[in-house]
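Order of writing sets the labels: A, B and C. Residues in every chain begin at 1.
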């Protein structure tokens, strides 16, 4: 609970880190993502020159020393393309993830706080969004409007909010029942105050966890969109896969494998990180885990 | 609430959603840059033909009238004219439905059966080696893009080791041994689609069961001196599987999405690859119509699972 | 049943929780024993240990014996304990709303106990279940046995749970806060029901509660627990009219009584101790008005009081 904690910020941060590092998968993934982000930012330095420039002399070379991940149909180095492609994926991941977190949180807070008709309305809309299949909806939106990065982010963010909203809503409802909220209302606190100073801060942990949990799905959706050829961004993992489709019969497996692997490993990394966050921020969960695990071990004896 | 009321409510919501989706289609149609003409008409036709078609489609009428005509068209199957095929979008789509069903139905059945089994195996001894292995398997495949998995399967089994066909639904040399040929072609796409969905589904089953096992009535059951087996299968499982029924409805939605991607990779002639092709060809009428049918399928399956859930949960049937 | 020197601890990564320490008490047939204490005093853990429902690990029975008809329950295997559980020793739980399985018929849940322990056929067991429900005061029992828990009120559900527990005519019934979740009127109905049944079947009853009033109404003997220790044990007369332990006195002074007029309710200052790091010496000394240096360093033994009771306080040494 948010109270006047006696621990300093630093102490809490290091405790958090210690808890987080207990999950080795999460730790490893965290560093991986840092490395990926760094590489994406520094891509221009790592690969000077125009990465997208075709080079007829080196078309479709399998992985070798000169091109570690092989070259594509235009002779371009795949490793470079993949690092540059990371930019797209990471930007969309964070932006769309952020957007759906914001929209979802707002919706959940409003639904949980006001309850009644507002709640019913918001949840109806959320359910509606859930029943409409996401990819087709995004496809339609994106294909009819100008397909650019912004629209993609927008579309993904806009369709992903219901899950977030549900979680925030139920947490809000639980919080509303607690005494300190009662006290605030009796004292005549304004809705805005209760929402932003009490409901929201207490949920930051779980909001963070759920936002990060939604990122793998965002990455996969974005990759799928590019794979289907909706975005003109040639340097993106999904699109590389799209292109590779026309060439794979010639045995150019590296053109499909590496971009797909990049998508896979990034999504997996985000997943591990979010699981790690969930455990680190939720000590009760760990205790249950331990006791359950110990029970099982006991029974085996 | 009683079962009939419950069903009626859900059905109404479903109908409302369909109307919403249709209206969305309509809105998108008219909001598209260039207006509905760009969507419905082939940009290369002559102005005279254009005027004629505009009149035929009623695009020269006031917007409210157009809306109702549009809705009417949706119901009667007038979903526009495909640029590419020069037939009504409806016919094009209808001809492709069986193929997609052939892909989705086995996948759905396998997903449910194997997913439930995996979920149960995991949860019988939570956090044991088996559980952690199965859970790792699950989120491994959960993070995998289905089109990538498809590629890998294809490359390994069709290119490197010529065991299975490299796509398509039938072989050119097939003479009439319909079923076996279909099955042979079906193996890889279904595998790709199913693996990823099993991952998802088993995780759902597992978490639902873990929640149930924590409940008070499980303690009561144990307190009666029932064996763990009875407690697990008779008391816990029935409660744990209920939420997964509702999830199934949403699952069909993701199965459809998966189908779009899988069919593309495997050149499977169903609605999915049609979607891909239509987008590449900018065949907007078909794209929109596909969206509509995907939505109807999802809404309908949600309704179906809701009804099944209502039948299974005594709290709804008896009250 | 005789509990001697029972100690139960939970071994967690964050520390060892001393849930119950050196607890002793007896329960005889036909006698109702009330175990009173604040939440966290170890009452429920004791009940679960007797039933063999303690989750171990992380729980461990570090010492003590639980003698029932000459057998030490602690030494029994899981399988042997299971045969006793629900048959000779039964339990009724705190929250009737969540303690019954929502997807199984109520009559079946009662019949289950009979089917498992007395190996009779389902239809016969269900017939007896309906009789039991009738005996518990549920009207139209035969019809209602086919209904589901959500169709009953809280009080009715509690009666069903009692019927479930008593189906096999156990020797000992443990009731863990059976009325906490109910309104006052229903509460008194359930309590009279329990009393009647106790007399009729000559059962031993352990009633766990935090409400002294209930103990006074229904029990013959009482055990006062604090921080996992049995602080005072005696007949209800002795404890209420002549409490020896300061904690007992404090509890009595903080409740209203029908036999005395109270101007102000007092409360015991302080809070219950952290069970991972309990205070040295007498667990109650930080809050005790009569504590001295010895109390802070040495744990008092249980000084005998009355015929079979005791008081764990240095102040009781002299008597």
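By definition in this document, contacts are C-beta pairs under 8 Å (C-beta built on N, C-alpha and C of every residue); 3 or more make two chains touch, one makes a residue touch a chain.
Just so we're clear, the structure is a prediction, and the values are computed from it rather than from any experiment.
Visitor: Where's the contact count highest, between which chains?
Guide: The chain pair with the largest number of C-beta contacts is A-B.
Visitor: Computing the C-alpha centre of each chain, which chain sits at the greatest distance from chain B?
Guide: C
Visitor: Roughly how far is chain A from chain C, going centre to centre by Cα mean, in whole Å?
Guide: Roughly 49 Å separates the two chain centres.
Visitor: Measuring from the mean C-alpha position of chain B to the mean C-alpha position of chain C, what distance in angstrom results?
Guide: 53
Visitor: Averaging over Cα atoms per chain, report the distance between chain A and chain B in Å.
Guide: 23
Visitor: Two or more other chains in contact with one residue: find those residues in chain C.
Guide: none
Visitor: Contact residues on chain C for chain B in the complex?
Guide: Interface residues on chain C, with respect to chain B: 51, 53, 82-87, 90-91, 93, 95, 98-104, 112-113, 116-117, 147-148, 150-151, 161, 164.
Visitor: Given the complex with chain A, which residues does chain B contribute to the contact?
Guide: Its residues touching chain A are 17, 20-21, 25, 28, 31-33, 39, 125-128, 139-140, 142-145, 147-148, 151-152, 154-155, 159, 166, 249-250, 253-254, 256-257, 260-261, 264-265, 275-276, 279-280, 284, 287-288, 290-291, 294-295, 298-299, 302.
Visitor: For chain B, which residues are in contact with chain C within the complex?
Guide: 215-217, 219-227, 230, 234-235, 238-239, 242, 313-315, 318-319
Visitor: Going by the contact rule at the top, pick out the chain A residues touching chain B in the complex.
Guide: Where chain A meets chain B, its residues are 128, 130-137, 139-141, 143-146, 216, 220, 223-224, 227-230, 238, 241, 244-245, 248-249, 251, 253, 256-257, 260-261, 263-264, 267-268, 271, 289, 292-293, 296, 299.
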